[in-house]
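In the two complexes that follow, chain A is the common piece, with chain B as its partner first and chain C second.
And then the complex of A and B:
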């Protein structure tokens, strides 16, 4: 081993561009957001220190609480349906086929831009011309204004994004399934266990650590719903889809209340960290049942 | 999986039945996944005026390329308006070019600089390496909106709003994912190859460009694809800094297009034609390199 004492100087050189980008566009702005959250800043004048006032304001801001509630509803519907469907797909693929064509087809929506996905479904779900409502009418059901009703808007957006993410999530779970030794399944087959019984007693317990990681990743992503709302409902009808990300965007870039928006960013960040930690604890992600 | 050898007949029969049911469900899910893509095509090849009467039809209503001509600015305004298009002239060629240019520059910078950083983290020995790498990784936890506010102010102060530079810069130097992804691969490269080169008198730069990069061709290729697709699909940041006509990228243009509702109802055919244009390059990349992308997601998602 040549091991010249430390290759620090060379490392610095190689890290220079990425480090520059990291400091300038990630680390420094992150710190600035913390600072701005304690200021009154409208982009025109310099930030003005106001202490915790923005946070106090958030606590009594009904629209903020509404945004959290709406986001929570979105995450709940999105994640529960998505995880269930993805699990179904993954198990079916695992038991039926290794075809990369099937896997590819299921992954395709995930590679398409959120904006594109939102607009395609916006067209398909239109109250007058959408194919989904045409299909409903065949079955004698009255057309639904999916994006236009306060009661259906959030579930609709949640399901649209289930469509985009279910294949991707299924592939992550599928990778976890492949790590389960074949012998376990062979033993179950010899015992004559039914598919459903195998799923309950073998697959689920062994899959838990993977499922936990997938849940943490998808829940964090789900909280950051923005694109779909921005191009379809823009927060409406009334405040039914004014999710937290969109609310912050409006505060910052339409009302130019940067200080307040920064405070909401910090709150969102803390919620995300809290949710991730709680999930890891509850799901005991670190330990495996595979012994 | 299903070992036929040891099963008794009743069990065997039941399993086949279950498999058939499984295939039906899986087929249905694939159908649900692919149908919207067909629908995009169907609407984009339709004439707006005929859509209402044929809402339930599976085929294009009054097959025409009018919508594509319209969004690409190839038809005259009166023609466009006659087919239910917007009165405004729209030029998706320009947005397409903007998307191609910004995504390409972002990808080139991001892959090269992330590879250099990955080399430092995986192949070089220096004090504090793991700690610095950990700090890099924490950026994965930060939601984009958290850094967007100060970054926007920075772009404004540099007078870069509505320039390519503003759209490109934050993604140009690295993403935590790219560094992480390449580092994982580079950790696995055998030291001997590197040391042989070193003994031959190759410096670090030479080792990096002549040995490490060629050996990392497969993951670099994958990362290039993923970086390009991600940049292509980005909406939030270009929405903040790139609203201007001359730098507007496809995703932002689609959002603007959707908000224009001429003559009461949206130009559905035009909207779907534009949407298809935005999706097409990704679909093409996917058809060409699908397996690579599928494999990479299984690799990066869990490990």
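And then the complex of A and C:
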């Protein structure tokens, strides 16, 4: 389809508001961050150009590398569990029920604010007073300090966020499943394929592009973990939950080291670009098996 | 095509501008003074002051806004950058050195001199905290706080301990003295066996003798470990205020911390993991999980407000130095340099720092006013609520107070030492690991 000249101009006009917003609220701050990453900036005085010093400092900053490691652990647990659970829910919905009540109920956790979810789970999982540990004790199991133990804090935060996001992710995958033609399933049924076989040889290959899109979105969202940490563990105990965005926040807004925080943002940006590109390549998101 | 495009842009501009142009809080007309504070409990007290102030100064209007502690400093900082900070705000010792050195606060010296405002009417030492390294005064004191030992009256009675005995407690970093004996005796396991009795099961503790704070202490350990470390004669810095060398490498500090974490091994103090798993130390106290809990005077309302728990409060134990110890901290009101109503702001600050306003605050019994005669009013009001505040105020009369460490780089130090103390209390590192952290802290001042 070739647009006529006039249509192109109208299209441009329609893009203008979004473009204006993009430049003002995304492109300009991003460029500004890039500039600030080469300065010493405390917010209350004008930035001082320091060259690549912030980057050199980041390379030898143990807490920065620890933050990346902690974030990596979070993303790994969060994404693997969340994707598996969401896929299961989506396939069950697809094959068993089209009930909008079920779909609505699945979305409920996602409608609750992140901070509220975090605080409610934080209270429920308390070692001495939480309802979950009261139940564990009733079954004769010793209480677990889920958020307080350095070994369990990150898995706990990851799973709390799985609980919040699984319904939403399931709906995204479910939408992808509905795009698969019914005829392939009918053909599989005629051939006498089992449910598991249908899932492996029909559903998964045809779902791949949607799954790739969902993964790219959720992985990047997962890297941005901040609020759950900010209202519960605040990076502790020790540095067990000092995820990268929380570390950047502390550097900028608590220690007023905006230049250094900006440099960490740029490094994180490069890492995320790499992750997204790798994902798209590995999952061949551009092509579909539905030909 | 031209017209709609222009129209679209024209429609966008006001939207964009509206987003940027939040009405400046610092402005609001030349006869209005905006005042910020973070403690919602104190809002009625200061509104009472504002009403009286406005009655006496009909030409100046005071607008009070309150934001919770977590948002407060972000809002102040971004407000300073954007030029929208409040004319007058409640300031904290952790933050004012940074703001003062970046020329964000109005020095009060000229005003103080002009109006002959006395700076010696406050509890001793409080006014000096607000004189910065440049020798200028950036705030007038409004209140103060100290730390004491809250206790559960019923648990004491069940253990056969007289409340009066708590004032006689002694502590040392070797065996913990009579203080540790009491903590052990008040600890009870699931079978009802006390911590100092044979057969005590430290893996199934029902009530810990002492509660552990849910914060990492930020290198100060104000309500957590400072009362022990300071009672050995240790000090945070070479001098205070404005020290430039920290003493976390001192054996006295490291021994005190070692003793403190020893309580965890003995089952008398909850593990760090338990303390951090969801509930605050005061809520744990309110739920009957702790018999004793060290905390600041600003927490009186919480500790005495729990249903079904009758609380009392005693002074911190006497240490090897022969004295008790508590941190002595105070807040003050500061003026923002960007204010367009310097005279109005000063009039309000002067009133906030006066006996008249501080007595009104004292009547509300929420904090300890900085002026002794206003403190006397507060003392009566607290007593009427069943709270004897001498456990807190006695430290001031006994000279047992230590100023909150005021230095540059406070946020960076908190970020270094807080997690390091966490590591010690969770047995991932030895108290001696603080020696290396101390070098990193002192490197900030070079």
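Just a few scattered comments:
Quick note on the criterion: the second predicted complex is superposed on the first by the 267 of 291 C-alpha atoms of A that agree within 3 Å, B and C clash if a C-alpha of one lies under 4 Å from a C-alpha of the other, contacts with A are read in each partner's own complex, and residues count from 1 in each chain.
Here is the rule we go by: contacts are C-beta pairs under 8 Å (C-beta built on N, C-alpha and C of every residue); 3 or more make two chains touch, one makes a residue touch a chain.
Keep in mind it's a predicted model, so treat the numbers as computed, not measured.
Partners chain B and chain C clash in the overlay (superposition on chain A). When both complexes are overlaid on chain A, the residue A:81 reaches neither chain B nor chain C. Looking at the shared chain after the overlay, A:253 reaches both chain B and chain C.
In the overlay built on the shared chain, the residue A:149 is in contact with chain C alone; chain B does not reach it. Legend: residue contacts after superposition of the two complexes on their common chain; A:69 is shown touching neither chain B nor chain C. Contacts of A:43 after superposition on the shared chain: both chain B and chain C are touched. Using the contact criterion defined above for the overlaid structures, shared-chain residue A:167 touches chain B, although it does not reach chain C. In the superposition on chain A, contact is made by A:122 with both chain B and chain C. Once chain A of one complex is fitted onto chain A of the other, the partner contacts of A:180 are absent, as it touches neither chain B nor chain C.
When the two complexes are overlaid on their common chain A, residue A:17 makes contact with chain B and with chain C alike. Ranking chain B and chain C by residues of chain A touched puts B first. Within the three-chain overlay, chain C meets chain B in a clash at only one of the listed stretches 56-64, 74-82 or 182-190, and that stretch is 74-82. When the two complexes are laid over each other on chain A, chain A has residues 10, 13, 17, 20, 24, 43, 122-124, 126, 128-130, 232, 253 in contact with both chain B and chain C. Of all the residues in chain B, the ones that touch chain A in their complex are 1-3, 6-8, 11, 14-15, 18-19, 22-23, 25-26, 29-30, 32-34, 36-37, 39-40, 43, 51-52, 55-56, 109, 112-114, 116-117, 119-120, 124-127, 129, 132, 135-136, 139, 141-154, 156, 169-170, 172-174, 176, 179, 195, 198, 204, 208, 229, 232-233, 235-236, 239-240, 250-251, 254-255, 258, 265, 268, 271-272, 275, 278-279, 282-283, 286, 290-291, 293-294, 297-298, 301-302.
For chain A in complex with chain B, the residues that touch the partner chain are 1-3, 6-8, 10-11, 13-15, 17-22, 24-30, 32-33, 36, 43, 85, 88-89, 92-93, 95-97, 100, 102-109, 111-117, 119-124, 126, 128-131, 133-135, 137-138, 163, 166-168, 171-172, 174-176, 182, 185-186, 189-190, 192, 194-195, 210, 213-214, 217, 220, 223-224, 226-227, 230-232, 245, 248-249, 252-253, 258, 261-262, 265-266, 268-269, 272-273, 276. For chain A in complex with chain C, the residues that touch the partner chain are 9-10, 13, 16-17, 20, 24, 42-45, 122-130, 142, 145-150, 232-233, 235-239, 242, 250, 253-256. By the touch rule above, chain C contacts chain A in their complex via residues 1, 4-5, 8-9, 12, 16, 74, 77, 80-81, 98-99, 102, 104, 203, 216, 270-279, 283-284, 287, 289, 411-412, 415, 418-419, 422-423, 426, 428.
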